[in-house]
Amino acid sequence: MLKIALLGCGRIGKMHAGTVSRSESAQLAVVFDPVEDAANQVGAQFGCAVAKSAEEAISKADAVLIATSTPTHADLIEQAVAASKAVFCEKPIDLSLERVRKCQKVISGSKVPVHIGFNRRFDPGHRAAYDAVRAGEIGDLRQLIITSRDPGLASRDYLRASGGILRDMTIHDFDFARFMLNEEPVEVFATGSALIDPTLATEFGDVDSIMVTMKTASGKLCSISNSREAAYGHDQRVELLGSKGMLISANRRAHELQRFGPSGTASGEPYLNFFIERYAEAYSAGLESFIRAASSGSAVEATFEDGVRALILAETAVRSLAEGRSVAVSEIA
Amino acid sequence: MLKIALLGCGRIGKMHAGTVSRSESAQLAVVFDPVEDAANQVGAQFGCAVAKSAEEAISKADAVLIATSTPTHADLIEQAVAASKAVFCEKPIDLSLERVRKCQKVISGSKVPVHIGFNRRFDPGHRAAYDAVRAGEIGDLRQLIITSRDPGLASRDYLRASGGILRDMTIHDFDFARFMLNEEPVEVFATGSALIDPTLATEFGDVDSIMVTMKTASGKLCSISNSREAAYGHDQRVELLGSKGMLISANRRAHELQRFGPSGTASGEPYLNFFIERYAEAYSAGLESFIRAASSGSAVEATFEDGVRALILAETAVRSLAEGRSVAVSEIA
Amino acid sequence: MLKIALLGCGRIGKMHAGTVSRSESAQLAVVFDPVEDAANQVGAQFGCAVAKSAEEAISKADAVLIATSTPTHADLIEQAVAASKAVFCEKPIDLSLERVRKCQKVISGSKVPVHIGFNRRFDPGHRAAYDAVRAGEIGDLRQLIITSRDPGLASRDYLRASGGILRDMTIHDFDFARFMLNEEPVEVFATGSALIDPTLATEFGDVDSIMVTMKTASGKLCSISNSREAAYGHDQRVELLGSKGMLISANRRAHELQRFGPSGTASGEPYLNFFIERYAEAYSAGLESFIRAASSGSAVEATFEDGVRALILAETAVRSLAEGRSVAVSEIA
Amino acid sequence: MLKIALLGCGRIGKMHAGTVSRSESAQLAVVFDPVEDAANQVGAQFGCAVAKSAEEAISKADAVLIATSTPTHADLIEQAVAASKAVFCEKPIDLSLERVRKCQKVISGSKVPVHIGFNRRFDPGHRAAYDAVRAGEIGDLRQLIITSRDPGLASRDYLRASGGILRDMTIHDFDFARFMLNEEPVEVFATGSALIDPTLATEFGDVDSIMVTMKTASGKLCSISNSREAAYGHDQRVELLGSKGMLISANRRAHELQRFGPSGTASGEPYLNFFIERYAEAYSAGLESFIRAASSGSAVEATFEDGVRALILAETAVRSLAEGRSVAVSEIA
C-alpha cells in the first residue's frame, strides 16, 4: 500500500482524497492545507493524519499529491523530489514558462516519478480512441478536432488569476492534442473573442471563446474549439479522422432515458456536469497509473516534460492571438 | 414499359400513381374511379387516359393496380386475372376469410402474377434486417418484437368499417412476422383494451391497444405491440434476437437536427408521419418488385397465399381475444 | 452512522460490502458467512468484525443485510425482525409462496423496516422514467414493454436450483412491472421455449426464452421479453407508452466511443456486463433508500409485500405456461 | 408551369432534369449540350425538345438552368439575363474573381432573378438549424463548426482543373458559413496539407486536407474542416454554439438498421454517398425556391452577390494559405 500525502484540501484535493480511498493499492496517510479547517475536515472524513506543514506531510508519506494553488506547485514539486517522494501534481505546473523550466532544471538529476494531472489522457472513451489509433484502426491520422467547453463562466476572481483562457483551459487541449497526435505541433494559430463577457477583454485582455489550429511537421491538422460557457453542459468531445475511418469520443449523460413526444425526441438529462463528474473515471485511472509508477516503477504516463510542452504550446498560441498570425513553436522554445 | 391501370383514385391510389410515374420500367396508362372527379383529377395530373369502368381500364393495360375500397378487391382480382392481367392489390384481400378463399379458388388455375401490397417487406431498413437474418448474421432467430403504432385514431367511419384492429392494423404485423420468422406461427395469444377511446369497445366491440404473442412450431417467439395512437408519431420498429446478436430496424426522422440545451438533447422532429411518408421507399420498392414479376416473370415477393395466411392469423387472434386463451392456428385453418 | 451486519459473503455480498463502504450514512460493522474463509476475506478487506454465527452478527448491528442463499432468507428475516433490526434482504424472499406467506405472518406484528433488494426500481434511468410517468409527462400509461436478457446462460447447478426462469429471472420484471404500472396486474399469459439449451426443457422442465403478457384491471398492457442469453451483453430496457408520449430507458455502455468506417458506424463497446456493473448505481441508491428507512423512519421503497406480490405473479405465469391459457391472478392469490 | 431550358446534360444536369420532372410548378421544355448524344439522351428520357445551341434553348424557355462546365457559366448567365430569362446557375460562377465581377457589372442593370446553386442552404436539417438560430432558439450565435468531407478523391483531371480545394470544395462552406452566420467574415486563416495524395502539392501546388478559421466583425468564430477523402462516406455536419444552446445537423444514413453483437453496436450502412443522394432533398428545395422566384417574384435565396462573396472568401483563404497568416477580407475586396 502506497502511503500518500495530500497537499491542498480544496475542491480538487477532496476529490483526490475520495479517489485514493477507493484505490486498492494506496491509502491516504496524511493531509495538509494552509487553511487548517479544510485539512481537519478531510482528515476526519478519511481518517488520516493532519500535518502542520507541507514538509511534515511529505516526510510522512511515500508519495505526494499536490492539489494546492498553482503558484505553489513548482516549489512543492522541488521539495517532494528533494525528499525522494514520487509526485502527482495537478496541472499546470506553473503559469510562467520560465519558472517551469527552472523547476525542471532543479529536479533534472532525480529519477523520482513525477506525474502531471492531465486527466483527459485517462478518460475511458478518449483512451479507447487513443488505443484504436495506435492499433491502426483508422490508418494514418490526418485531422484531430477537440471540442472543450465549460458549462459556465468561472468566478471573476478565478478568471483574473487564471493566466488567460489559453494557459488555463486550452492547456488541457494542448496536452491532449500532443497525446493523440503522437507528434509535436510545429505551428499554432489562435483566434478568439470575448463573446460571453466582453469585459474580460477590456479588463483582463482575455477572451472566452477560442479557436486554435495547429499543424505538425508531417502535416497533421488539429483544431480546438473552446468556450467558457455551454448552456447544455460540460462539452468534451474528440474526433479523429484517419485514412481508414473516423473516431469520435462523445459526451456522456447521467443515464439513458429518452423521451418521445409530439415535438420530437429528447434525452432526459444534459451532459454530465462538471469535470469532477465527467472525468471521475479518468481521475481514478490517472491516479492508478501514478500509483503503479510510484510503486512498481512503471513508466509515468503524463510526464513533467508533457507539462512543459503543453505550456509551450499555450505560449505559442498567446503570441499568435496577440499578433494575428500563425506562430512557429520554435519561436517560443 | 409496363402499362398500368390504376383502379381507385383516393389517397392511396394517388400515392401509387406518383410512384408509378417515377418508375423507369412502367407508366400509368389509364385510371378509373367510381367517383368521376377523382379519376379525372389523377388523369390530368399524370397525363393518362380516364376509363369509364374498371373493365375498360383493365382492358387498356398490361397490369392492374387495385387501390379501391376493401370490399371490391376480391371481385377486381378475379376480373383482372380472368383478363390475364398481372395484379397488384392493396391489402387486405377481403375482411372475410371465406371470400378470400373463394377468390383463391377462382384464380387458382392461373399463372398471372398477383402481388399483395404488404409494403413493410420492402422498407429498406426492415429488408436489410431480413437480409441480415437470412445471411446468418444473428445466428438462429429466437425472438421477434414488432412495434407498430399509428400516430392518431382514424375517423369513426373508418374504424366502424375496418373489421377491427386485428384485421385492419395488426394484419400488417401478421404478414411481416411470417416474413421475418420464415416459419408459420402455430399458436396465437392476443389481449387488448380500449384505452384511447373506450366507446370503441362499447359500440364496435373493438379495442385500440393490442399485444399479441405468437409461437412457431420450432419454438420461436414473437410479440406485437399495436396502438391506434402514438403522440410522438408513426412508430414502426422491428427487433430480432438471435443466437449471435440482435437487429433493430428503428424509426426515421425527416432530418437529423439535434438540439442541445439546459434540459437535455432533443431531435428537431417527431417521427415521419404517416405511412405514406414513412414507407415511401417501401411503396416504391414493392411496386418495382411487382413490375419485375409482371414484366419478366420473376417471383412475386408478397403472394396471394401470403394474404390468406395473414388473415388466418388475424382470425386466430380474434378468437384468442374473445376467449382469453392461446389459440392454435390449426383451429382456424 | 448505521451499523450494518452483512450475512453472506459471496459475489453479491461482497458487492454490497463495497457499496456500504462508500456510503456516508452507514458502515459495515460485522460480517458472517458459513464459509469462514469468505467471511474472513471480506472482514479483512473492509476492516470489520467477523462473527461466528448469524445471531452474533445480528446482535452486533443496527441493521442486517441478507445476501445468503435463497433458502435461508426467510429464516434470517424472521431472526432479524425478532431482534428488532432493520432488514435489507436480497430477492427472492423464498421460492415457495407458502414459506413467504408464513414469514409474512411471523413478522406481521413488527414495525421494523424490511426492504427487498429489487434493484431496478433504483436505476437512475428507470427511476427517471418512473418519476416522469408520475409527473404526468406521458399522460395516462397504456403499455409497458420490459426487455430483460442476461448475457449468457448461468451454470447448470445454478439453473437447476433456480426455481425456473419465471421465479428466478422474470421475478425482477414482475416487481418492476408492478412498480412502473402503479397498479396490480390481474391477468397473466406466459409462453416460452428452450431455444438456447433444449435440455433445460427435457431435464428441468424449464425454458430459457420467455414472453409474458399482463393486463391490469383498468386495461393497461404489459409485455416482458426474457432470454437467458444475449450475445451482445446484458440487455435491460424499459418502454412506456402513454397518451401524451413515450419513454424509453435504454442500455448503457462503458463509454461513448463511436467508430466510423466503410461498413458503417459502430460503438466501441458492448453493453455493460453484468448486473453488478449495469446496476452499480441502482445497488447504491437502493441501499441508501434502505439506510434512510432504517435510520430516519422514511418509507421502505421495496417492501416485503412487494416481494410477495412479485412471487404471486411468477406463480400465475408458471400456471399460464403450464396450461397454455391466460390465468387470472386471483386464481393464485 | 415554368418552362425550363437545361444547359448541360452531364451528371449534374441529368440530376437537375429529374428534379424538374418531379416539380409541380415547372417542366423541362428544352435541353442543350455541346455533346449532342448527351442532350439527346436526356431529351428522350424526359420527353422534351433538344436545342442545337444554347441560344436556341434559352429562347424557347422562361428560365434557364446552367449546369455546363464552370468556364462557360459567366457567359451563359450574361446571355440568359440579356434575354430576360431567370437563371439558376451551378456554383461556382467562375474560378476568376475578376471574371465574376465583370459578369456582375454586365447584368447589374437587370432585375431578372439569378440564383446560384448553393444547395446546402436548402438541406432540410441544415435549414431547420438556420431557422432555429433565426428564431432565437440558441440565443446569440458564437461559434460555427462546419465539417465537409468528400468520400473519395476525385479524378486527377478533375482536380487539375478544379482551381484548388479552396475554390472548388471549401467554396460551399464559405457560402454556407455566411448563410448561417448572417454576418460577413472579416478575417480568414487557412492551413492545409496534402496528406491523402502528396503529389497534389508537388504537381498542382494544392492540398487535400484543410482547416479554415474565420472571424466576423462582431467576433463570431467559424471553423471549417475539409478533406478530399473520408473512408466512412460523405461527411456533412454543421454545429452551432450559441448563448442558450447548441445545434448539430448531423449525417444521415440510407436506413436505421442497428446491429448488436459481441463487439458492440453497429449501424448497417455508411453515410449517404455522394452529394447527389445526400442533398437530393436540398436540390429539390433549392430548385423550388428558384421556381418561386422566377414565377412569382419572391426573393432569390442564393444570389449572384452570394456567389461573389463566397469567391472572395476563397481568395482570402488562398492568400492566407500561401502566406501563413490571418488575412483580412478587406485585403481582397
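Labels A, B, C and D are assigned to the chains in the order they are written; within every chain, residues are numbered from 1.
Here, a contact is a pair of C-beta atoms (placed from the backbone, for glycine too) under 8 Å apart; a residue touches a chain by one contact, two chains touch by 3 or more.
Every value quoted in this text rests on a predicted model; they were computed, and no experiment measured them.
K.L.:
Looking at A-D and A-C, which one has the bigger number of contacting C-beta pairs?
P.N.:
Answer to which pair has more contacts is A-D.
K.L.:
Scan C-D, B-D or A-D for the interface that duplicates B-C, counting it as a duplicate when over half of the contact pairs agree by residue number.
P.N.:
A-D
K.L.:
Just the number, please: Cα centre separation of subunit A and subunit B in whole Å.
P.N.:
A distance of 57 Å separates the two centres.
K.L.:
What is the distance in Å between the mean C-alpha positions of subunit A and subunit C?
P.N.:
40
K.L.:
Could you check subunit C for residues that touch two or more other chains and list them?
P.N.:
In subunit C, 138, 231-232, 244-246, 260-262, 268-269 touch at least two other chains.
K.L.:
State the interface residues of subunit D toward subunit A in the complex, per the touch definition above.
P.N.:
Against subunit A, the touching part of subunit D is residues 138-140, 142-143, 145, 147, 149, 187, 189, 191-196, 209-211, 213, 215, 219-221, 223, 225, 227, 229-232, 235, 241-246, 324-326.
K.L.:
For a test of understanding, state which residues of subunit B touch subunit D in their complex under the given definition.
P.N.:
22, 123-125, 128-129, 132, 137-138, 244-252, 254-262, 268-269
K.L.:
Spell out the residues on subunit A that touch subunit B in their complex, using ranges where they run on.
P.N.:
Against subunit B, the touching part of subunit A is residues 231-233, 253, 260-270.
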